[in-house]
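Structures follow.
Both of the next two complexes hold chain A, though its partner changes from chain B to chain C.
Right, the complex of A and B next:
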């Protein structure tokens, strides 16, 4: 009887204890090795993890069709996973060594590529010697997924930055798109004051505490938060301090509207509260949801920062396809090289279908890119974007990109609150150095 | 008259609080009928875009399947959690001993371990059992929660021990005492526990996202998360998805509302 009574309390807690007992873990080192699939005969099915049904998943479905033309039995099993969840899954699988749960191919944010390959090399397959012609992509883009000279990713979504402007608002201030082309940020600020005075509208908007705009300025000058050896260069970085000064000046003068969230940022654009936005070309999808603004937009290049190596081109975001360590490597490589790294037909379909701009250079020769876009006042913006893409300087994101980004974001918040810039950046530098050690 | 006047500030204050509570819910409902641009413009008037939002929502997402999987997971979790935790809470109180008190302390301390710390070993465990993508893998880690055990232990404390003694005298077995006497008396506690567990299970996100590797098994919170993961977010369709996902918890709460309060304030008076 006593046993039964004790048992009643214990049995119920046993399930809970089970969850804790798992802490001891088990030795499961049966993870697939990097090139195990290479010698095996090719199958006819691949599993892919990606996010965004209207963009990445749509592109995959079109790629499946393109590949099926030559391989009728081929099927693609596309699993929708948001980027944040994909990163959580990868981390969980890598740390628990359960590699057999990995798909064949997964999409990875360019900025997170270095970090993942360096921290979890067992998740990836080195595809340097595959049939993918990496020299047909801009160097600045393949650099994201190249670690120690080895290629781990096929670039897909271009994060090429555009300066998208409301031509009708500019007109109210007596200005045109040409006035904002090939200018410096100082000139941009002077013109921005003119627009603000005439229309009451700021030029730009962005999320307070998120350094996207500043990092785009930085990359346009060929600089990043790390040097070539991967050491943080937040202090003694002339391009960064100049960019922060420009940003502060714009906020103070009311040219740059700081908002609190992504939703507010998009709202400021589609509700016509700002005269322009500077972001990766993918922002054009959100801009075009404001159907009442059709024909009122135009695209030009970015203002340049007044330092050595300055250009009018930059990038924000973008993603690449990675082949996992659990893949049918031969099939995955063949699929990628025949589609995202080899099919103008694919890019001709997904550009008008989803606004997906190619990184693969030969796709740019297609006539589809030269077609005028009605929403952008008849401008052939995709041809322009491709010409911008060729000029984007490469920058080293390093394994600690997100840590550095967050630290700089925090520093900018402090600086905007009146703190001394050198001190705040010094703190950011030590935060990143601490994270790295 | 003066007493009525004195009521004015009270009602004014309560009206403001009520407005603040209901406002976001109202916004959610009207936004489900508006276009993405209207939602971003904070339009508070109902629109005519409901059907378009539904089409946009179902174009890429299988809402029926997500609702089905959410329901299976939440119902399974609620039933199992109620059975397991109530037996445990009853056991802790009725068969009281100093060692069980110590065990209770361990359980309470375990409440403080964040889930992120146990997630990876837990995944490893379920992967080794071949339970990835199964509903049981979603449910098992959350059926014995210290909070519910504590709730049932408190309920058992108010349950007169004389009744148990009398039942034993009459020859009722221990489990029969539990099922035939404790469970029917503690219905409001079960209702309160059911509301908490169902809501938590319905909204559970991180663990299902990790263990349900195949997106065919995705639940409503995962579907909503997918909706915000793209470059272009359709806020109208998103709000419709949020509205649909909220309905079951709202219904459960209203059905069990009366018992919910009684369950916390004590049953046996």
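Right, the complex of A and C next:
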């Protein structure tokens, strides 16, 4: 009896001790990986988080090759993390103060940059004084990752908006790309009706409830959802209400096809269900997956909204490289300045390979940009895109960009469902104000 | 022995109740019992109750990101909720799911369990497996499958068009009412079999002689079901009602994966909003923690009411 009891007590203690050991085991592991992360002054390996194998991860692999030419021992550990997961990981790590788990470099959506730096400055390294020449990027682009005059990111891809059109479908309606160049949205709608009548195809498609198209219109008119002080400007915003009216008109007339998901949106383009699409230039990568449509595409600028300060240029998306607070800073800075902020060779490779249009101005002088693109009917679209990029008005994103974007998206859904526009936008404004206080 | 007993009794009277002094052997047994309980109890304390306590503290804090301070007044996050239109909408939506889905699901589960308990039914194993199988599928996978099925160019629209029941594709997930309907449909599909298993187990415990006696007394199958079977299943019904209520109030996966909360946040559940507040928008963990405590209180109140109403065992 006594033996049994002792045995039981021992077993219980052992279980308990084991669980404790398991806990502390976890701790020591974290410590170990933290050391590996980079306390050393200049190692030869960097860890990077990025999300698109066909785009930014491909660019990283090419950048690794470029950097290896000078530093043969250098290796890049690229980890694929989707943008949603990356944001959740950053938030979790910052909240738990587990900075050792951060990679050296991570990619960040330009629109989320301000929000993250303002909420979690501990995650980032200020790289203003690094060897990266920030004046070699357009100011409107570095602005995304500049907070209180300090630079936290090296711009990667441009989100310059393009109006990519199926020239063969336009031809069926007796139109050409020139008819859609330098026009207003009113003219665009009139031409769109003509195309719809002749071919039965809508001009555009987009995800219902996501305001990307409207926000591109808004930015092209030089307006944002926030003013310079960061206050939301959803109500009393003429450019916004005009854009929403144009959008509703297009949906009602059947010129704009609303779909429910990103996959459906891409499918509507590559299956030839729509005559064109307006989005960031990165969409050209997806368009080119429709190999049977080679030579049938052309690119022109955006229609303009009929308000003061309107242009034919806008942007959507785009991302920048951030150096984390856990980085081998010297190596990370050197890597970025030698590749994404200093290698024409890199951009010459990734432009045709992935449609990654550089923000780094010296890359634009390269001949590769002037080469005609067969898929786009021999048009040198990347040279055109660079000329568009110069005209894109800047956009005040601020920390609450996503709240405002979601609120406007909800308002648009309500307006499309028949609600009064002024009321719905008023609600959106107060939702954002509520989130901010 | 007598002088020892007297002082021993005195403190016992103070502590009230006629306790019997445990023998040394019994005490040792009880200690052993506690020793076995200890690891689990400590682990639950560390893993569950300590974080819950910390969340309560967190719910009194405000601030951006990781720079949090105690709010002034302390209950600021809780009063803030009263002005939060989106939160109020998510409460309404969640309660709507609860009011429609839980009764519908449990009644269906009860009927299915009764049919499957029929001893004369053929291929019983197959039917039971088929109905329970959805419960073995990951919440995320089935949500995504439902999303695809109900897409504008999805299976459901294809079938309805083929049968000429509709003129054009219905935008199931794009309209509030149909989107909510799809979520409820998904929940029914995923969870009915799960609850049915509980009822089947409960039915095994019903003494067949009570059913026979009812038959002898001339009760038809429906009368037998309501007057004999259901009352005996009551504890099981109570259990499933509380579990389903709890689960529905904390609904997340379907809202997050199936409709993404849209259109215009009208299908978003409370837990999904909590996630948005903490991880998608500018992180406001204090407010998120306060929301989680409100959900906890709602679950507790509803469970208490159901126990009071449903449990007549005493």
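Here is the rule we use: the second predicted complex is superposed on the first by the 396 of 437 C-alpha atoms of A that agree within 3 Å, B and C clash if a C-alpha of one lies under 4 Å from a C-alpha of the other, contacts with A are read in each partner's own complex, and residues count from 1 in each chain.
The rule is short, and it goes like this: a contact is a pair of C-beta atoms (placed from the backbone, for glycine too) under 8 Å apart; a residue touches a chain by one contact, two chains touch by 3 or more.
Just so you know, these numbers come straight off a predicted model, no measurement behind them.
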- prompt: After lining up the shared chain so the two structures overlap, which partner does A:88 touch, if you call chain B first and chain C second: first, second, both or neither?
  reply: both
- line: Partner touching more residues of chain A, chain B vs chain C, is chain B
Message: Just to be sure I read the superposition right, which of the two partners does A:384 touch: chain B = first, chain C = second, or both, or neither?
response: neither
Chain B versus chain C as contact partner of A:57, first or second or both or neither: first
Task: Check whether A:259 is in contact with chain B, with chain C, with both or with neither, and answer first, second, both or neither.
output: second
- prompt: With the two structures laid over each other on chain A, which partner does A:334 touch: chain B (first), chain C (second), both, or neither?
  reply: neither
Message: Per the definitions at the top, what is the overlap between the chain A residues touching chain B and those touching chain C?
response: 5, 8-9, 12-13, 15-16, 19, 88, 95, 97, 267
Field: Residue ranges of chain A touching chain C (in the complex, touch as defined)
entry: 5, 8-9, 12-13, 15-16, 19, 87-88, 91, 94-95, 97, 115, 118-120, 122, 208-209, 258-261, 264, 267, 399-400, 402-403, 406, 409-411, 413-414, 417, 427, 430-431, 434-435
- request: Using the touch rule from the top, collect the residues of chain C that touch chain A in their complex.
  value: 28, 32, 35-36, 38-39, 42-43, 64-66, 83-86, 147, 151-153, 171, 173-175, 262-265, 278-283, 285
- line: Listed in rising order, chain B residues that touch chain A in their complex are 36-37, 40-41, 59-61, 84-85, 87-88, 90-92, 95, 100, 103, 107, 110, 113, 118-125, 127-128, 132, 140-141, 143-146, 149, 174, 206, 209-210, 213-215, 218, 222, 225-226, 228-235
- line: Note: in the complex, chain A contacts chain B through residues 1, 4-6, 8-13, 15-16, 18-20, 22-26, 28, 51-55, 57, 79-85, 88-89, 92-93, 95-98, 101, 263, 266-267, 270-271, 282-283, 285-286, 289-292
